[in-house]
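Two complexes come next, and they have one chain in common, subunit A, joined by subunit B in the first and subunit C in the second.
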Partner chain A sequence: MLRYLRTRQAKLTPILLLSPALFTMLFVVALPLVFSLYTSLTPYRLIRPETIEIFIGLRNYVRLFSDPDFWEVFGRTILFLLIALNLEFLFGLGIALLINRITWGQRTLRTIMMFPMMFSPVLVGFQFKFIFNDNIGVLNNALQSLGITDQAIPWLVDRELAMFSIIFAEVWMSTSVFAILLLAGLFAMPRDPLEAAKVDGCNSWQVFRHITLPFIMPFAFIAMTIRSLDVARAFDIVTVMTGGGPAGRTELLWTLIARTGYENARMGQANAMAYISTILSIAFTYFFFTKLVAARRFMGGAE
Partner chain B sequence: MSRALKKRLRATGLWLTTFLLMVIISVPGLWVVLSAFRPNREILARPPIWIPEQVTLNNFAKIFGFDEGQVAIPVLSYFINSLVIALTSTVIALVIGMAGGYAFARFRFRFKNAWFLGLMLFRTVPGIALSLPVFMLWSRLGIIDTKLGLIIVYVSLNVPFTIWLIDGFFRQIPASLSEAAQVDGCTRWQAFWRIEFPLARSGIAAAGVFAFLTSWNEYALASQLTRSTDSKTLPVGLMDFTSQFTIDWAGMSAMAVIIIVPALILTFIVQKHLIAGLTFGGVKG
Partner chain C sequence: MFRLKGKAMLATALVPLLAMPGVAQDYGNFDGYTLRVKLIGGAQYEPLYSEISAWEEMTGATVEILSRQNHFELDREIKQDIAAGTLDWCVGSNHTSFAPQYGRIYVDLRDHISEDVLSDFVPRVLEHSTVDGRLVQLPRHSDVSNLFYIRSLYEDEANQQAFEAEYGYALTPPETWAQVADQANFFADPPDFYGTQYVGKDEAVVGRFYEMLVAEGGQLFNDDWEPTFNSEAGVRALDWFVDLYNSGAVPRGVPNYLWDDTGLGFASGSVALNLDWAGWSAFFNDPENSSVAGDVGLVRAPMGSAGVRTGWSGSHSFSITETCDNMEAAVSFVTFLTDHDRQMVEARNGLLPTRTQVWEDARAEFAADGRDFMVEVFDTYSASMAEDAFTPPLIPEWIEVSNVIWPRLQAAIVGDMTSQEALDAAAREASVIMEDAGYN
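And then the complex of A and B:
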């Protein structure tokens, strides 16, 4: 009887310990999401509060899916994420390999590398708005002083350059997440297989491809998972740098939500979009998380 | 001879790349810091003035309201709001996160991975998407534009990641330590506070810093849930400078320095533990 109670208690303890966390998430995230789902099924406008009681089914979603402007923004968001995440991974890998080879001042370099991660996204946006400013920005000033160009390049006003500037800011901010975790992976790597491979006559590319890369992949997935948790940080950067302009060319899903919901006060429509963006984020996180678990399991088997 | 030359060239190339990299990483931030100590007219000068002719603390005096010709941006109250909101939400998130992290690190229970993933998925909801329903609900509850309203949201924002990190730190401590203490007559509760907590302390501090910075830096939710000096935080306040026709670059830079300095100091202190926590946590076994 006593033993039964003991095991019973042991089973309940973790649930008890987790309950404050679950309670918080339920009331501050899950409940609002349910409310958001309901609102997305109404034509709710902030200026006319009674509209929240009208039920229109999936009409908001239907309208979104048949709107080419929405698809353009959606496609741009996906493209933005693909480009930014891939660049961050590649640069992060490069930086990690570089710093791993340096013996003097390694610690200082690692610390410096970590700083962009701690910048508020709003600050990153402001910083690059300042730097890319066509009139007084340091980039244009430098280019002109060096005589590379004699006219001001409209970094944030030109339709293609504006997107480039935003991706630059995003990559600047988030590459360090990858660099730091991949570097931690390189530090944790055992020396023996590397030396064994060299004895067996592998060249450095083969060593990298077949030993180093598989070993640090779980670390890359940790970085990817962490990054996928807050991909929507780009909202802050875009809001500060261009506000979605010029002519909506840098509008991403998240800025469109804010514009529809708060500026145009069309809450019903905005909530429908918010739902789509939430599902997008969840899909990203789920994908990388399952990869992470699989990679960990694979490593556990190899040990 | 040529081999030595090759080696030398390679080393030089390595250093050059590293140097260039560090320039790209640090120059944008340093440029903002420098601009914070320059008068606005020097920033706007045409042709550009490269070497600062005048170093001034005026920008700081101005945004804190010590100056006669001040801009009416109440940075001090934003600062206090940010501090109160970030600290309170961090402390609450740490308490909740310690309980949760301990559960994941020390207990076996059914659907453990699924629970963990579920928590993470709550964290992934984009701030702006979450802000819509929270905005509607909070206005109904009357806690819009209050510190309390923002604190509640930030706790939920920080709990999942705090659990991830703290789970990692508890895992690094062998379970046999607390088992030994229990054999010697400690209760599990005592064993936790006397053995495991002191060992995980620096890691928990790192998780706290991370949570603090998340709240300190957050913009998407704060920009919609705050309106006045009652609850506006620093990142939201930064946008006050752009609402006018011209942007006050010098003032904005000064405010940027105020936001970034605490963040950099905190990062510097806990960086080692933070990396350890990130790599060790996240579900294994």
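And then the complex of A and C:
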């Protein structure tokens, strides 16, 4: 009997030890998710709390699936993610490689490199809004003073330039996340394979392509995964710089969801949009994790 | 002799005491009570809050400011409070355009504030603060726009001759929006100089379009609340914005402009005409901040083809929640923040008062100090507040309707749609919102 109780206690111990974490997950993650899933099946309006009791099934989703404007925004968000993340990776890689090579003042440079991360996205938005302002902005004034153009370039209005400006601000703010993680990868890299490659007569490009890059790719995919989830911080930048306009040219899922949920107070519909956009996040995360596993297997780290 | 002198001195000492309106007011005693409030934050709103400590000293109460954010953030927070049922605060900042959304969370102030106090406010502003027959806001300061211009451009003889030769009438500050368009095209020399500018996104551009629609003789909705802004008047109103954009008389970036952009643009000296609120007047005439200081003229907002002046207006205000646990303290607080002396504090910064007496007293103070431009500002703005001001429809759906209109207005301005197509599309979307809300 005593042995039975002891065995049972031993079996319960892990569950008991895990229970604080499980309860936290339940209340902080699972319940809000279930609640927002339920509200996406209602016409819930923030200013009329009683509407949460009206169940309308999938009507919010049906409306969204037949709304071409929503899918245009969905597609634009994917494009934004692809361009911004790839540019941040490329620039981050470049910065990390350069900083890795210098021997004097590296710590100072590392600190300076992190400055853009320290700004709040709202401040970054205002900063670039005034840089890109067509009339009193620094950029146009510089271009005109240097004689490069005699036009006022509408950076925040033109279809392509407006997206470019937003991506520029986003890349400026977040490239250092990639740079820091990739630099950590470079610091962790063993010297032996590099020296062996040099002894074997590899040139710099070959060393980079076949040794350095495969080694830091897992770090790159971790950075990609973090950034693909965290990139919604760009919401503040877009809101301040263009508000999703003009004429919806820079509308992204986050600005659309926030306007629908708060300004229009249609939280039910906004949550339906948010659930569809969650599919996007899951897809990106899954893709990067698959790539991460593959990259680790390639360099022999997984086994 | 000594006694007489003493009496004379006492009488002299009493004169200022009797003349001070603030001293006579009793704001009550709420010793130990903490009043919880949510206020709008921002540079132009803050000077008033430094007065709060005076109310705390007078009443013994403490004010706990739970929130101090811009109005859009505050609106979001209040909606969350409504949804979560956490309206555990008493006083909140409010605005004419936002107030109808909040349903019945705020008390009817006519039940709590005496008619004596309310009769000191400008009647039209109180009318604008009323939703469904209930006075849900005590107005703090008002907002309406008039037309600032660079005076030297109009005094220049070469400009006068060239303009008259081209347009067939004398170059004087404009009386109509058609004249604004002519003069804006005349002065424009992009990218160095522009004729005029306008705010081009969010509720701001809808407000500008709406006032132009009224000035052109149109309306947003008919009596059955069906959208009618896609009428001929609507197209004329929108064409005004589109034509100026196409001719290059306004900066190419206007579809992205908000109030800061237009204000700073005019202060930079690169724009001839600028429709704006009075809050900028001191800034425009300050040599530290503005390159047009000393050269700023002001006229009342021009008329549209229907002979009506544009006058989109709203007021910042204070409201008291139905759930407030100390109504007397809350009433005392909002009455204090909108009393004569407090409104003088705001008026000195160029904000438009909501009390009739403050209009006169502020103007007299500016005249005594030799601030002639501010006297002109108060004369112009008091005329437009009294005669031209009108609000957007005071319905809960206003913000949502404006959110479907502005992307379409932008689409017309940047050339993605014609004015008629854009307004038809916006009207269709607005119809769905109004139908969903049960109007028709």
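Convention: the second predicted complex is superposed on the first by the 247 of 303 C-alpha atoms of A that agree within 3 Å, B and C clash if a C-alpha of one lies under 4 Å from a C-alpha of the other, contacts with A are read in each partner's own complex, and residues count from 1 in each chain.
Throughout what follows, contacts are C-beta pairs under 8 Å (C-beta built on N, C-alpha and C of every residue); 3 or more make two chains touch, one makes a residue touch a chain.
Everything numeric here is computed off the predicted structure, so don't read it as measured data.
Enquirer: In the overlaid three-chain picture, which partner chain does A:Lys198 touch, first (subunit B) or second (subunit C), both, or neither?
Expert: Neither partner.
Enquirer: According to the stated criteria, A:Asn264 is in contact with first (subunit B), second (subunit C), both, or neither; which is it?
Expert: second
Enquirer: Would you sort A:Thr24 into first (subunit B), second (subunit C), both or neither based on which partner it touches?
Expert: After superposition on chain A, A:Thr24 lies in contact with subunit B alone.
Enquirer: Could you look at A:Ile136 and tell me whether it touches subunit B, subunit C, both or neither (first, second, both, neither)?
Expert: The answer is both, since A:Ile136 touches subunit B and subunit C.
Enquirer: Quick check on the superposed pair: does A:Pro246 touch subunit B, subunit C, both, or neither? Answer first, second, both or neither.
Expert: Only subunit C is touched by A:Pro246; subunit B is not.
Enquirer: Examine A:Phe284 and indicate which partner it touches, taking first as subunit B and second as subunit C; both and neither are also allowed.
Expert: The answer is first: A:Phe284 touches subunit B but not subunit C.
Enquirer: What is the contact status of A:Arg209 with respect to subunit B (first) and subunit C (second): first, second, both, or neither?
Expert: neither
Enquirer: Would you check which partner chain A:Val157 touches, where first means subunit B only, second means subunit C only, and both and neither mean what they say?
Expert: second
Enquirer: For subunit A, give the residues common to its interface with subunit B and its interface with subunit C.
Expert: 136, 262, 267
Enquirer: Which residues of subunit A touch subunit B once you look at their complex with the stated criterion?
Expert: 10-11, 13-15, 17-18, 20-21, 24-25, 27-33, 35-36, 39, 95, 98-99, 101-102, 109-123, 126-128, 130-131, 136, 138, 141, 145, 172, 176, 180-181, 184-185, 188, 219, 222, 225-226, 228-233, 235-236, 239-240, 254-255, 257-258, 261-262, 267, 270-271, 273-275, 277-278, 281-282, 284-286, 289, 292-293, 296, 300
Enquirer: Give every residue of subunit B touching subunit A within the complex, in rising order.
Expert: Within the complex, subunit B contacts subunit A at residues 14, 17-18, 21-22, 24-26, 28-29, 31-32, 35, 43-44, 47-48, 50, 95-97, 99-100, 102-104, 107, 109, 113, 115, 117, 119-130, 132-134, 136-137, 152-153, 155-156, 159-161, 163, 213, 216-220, 223-224, 235, 238-239, 242, 249, 252-253, 256, 259-260, 263-264, 266-268, 271, 275, 278-279, 282-285.
Enquirer: For a test of understanding, state which residues of subunit C touch subunit A in their complex under the given definition.
Expert: 72, 75-76, 79-80, 82-83, 85, 101-103, 190-191, 194, 197, 200-202, 251-256, 261, 264-265, 268, 270-271, 396, 399-400, 403, 406-408, 410-411, 413-414, 416
Enquirer: Using the touch definition from the top, list the residues of subunit A that touch subunit C in their complex.
Expert: 46-49, 133-136, 140, 144, 150-157, 162, 241-248, 259, 262-267
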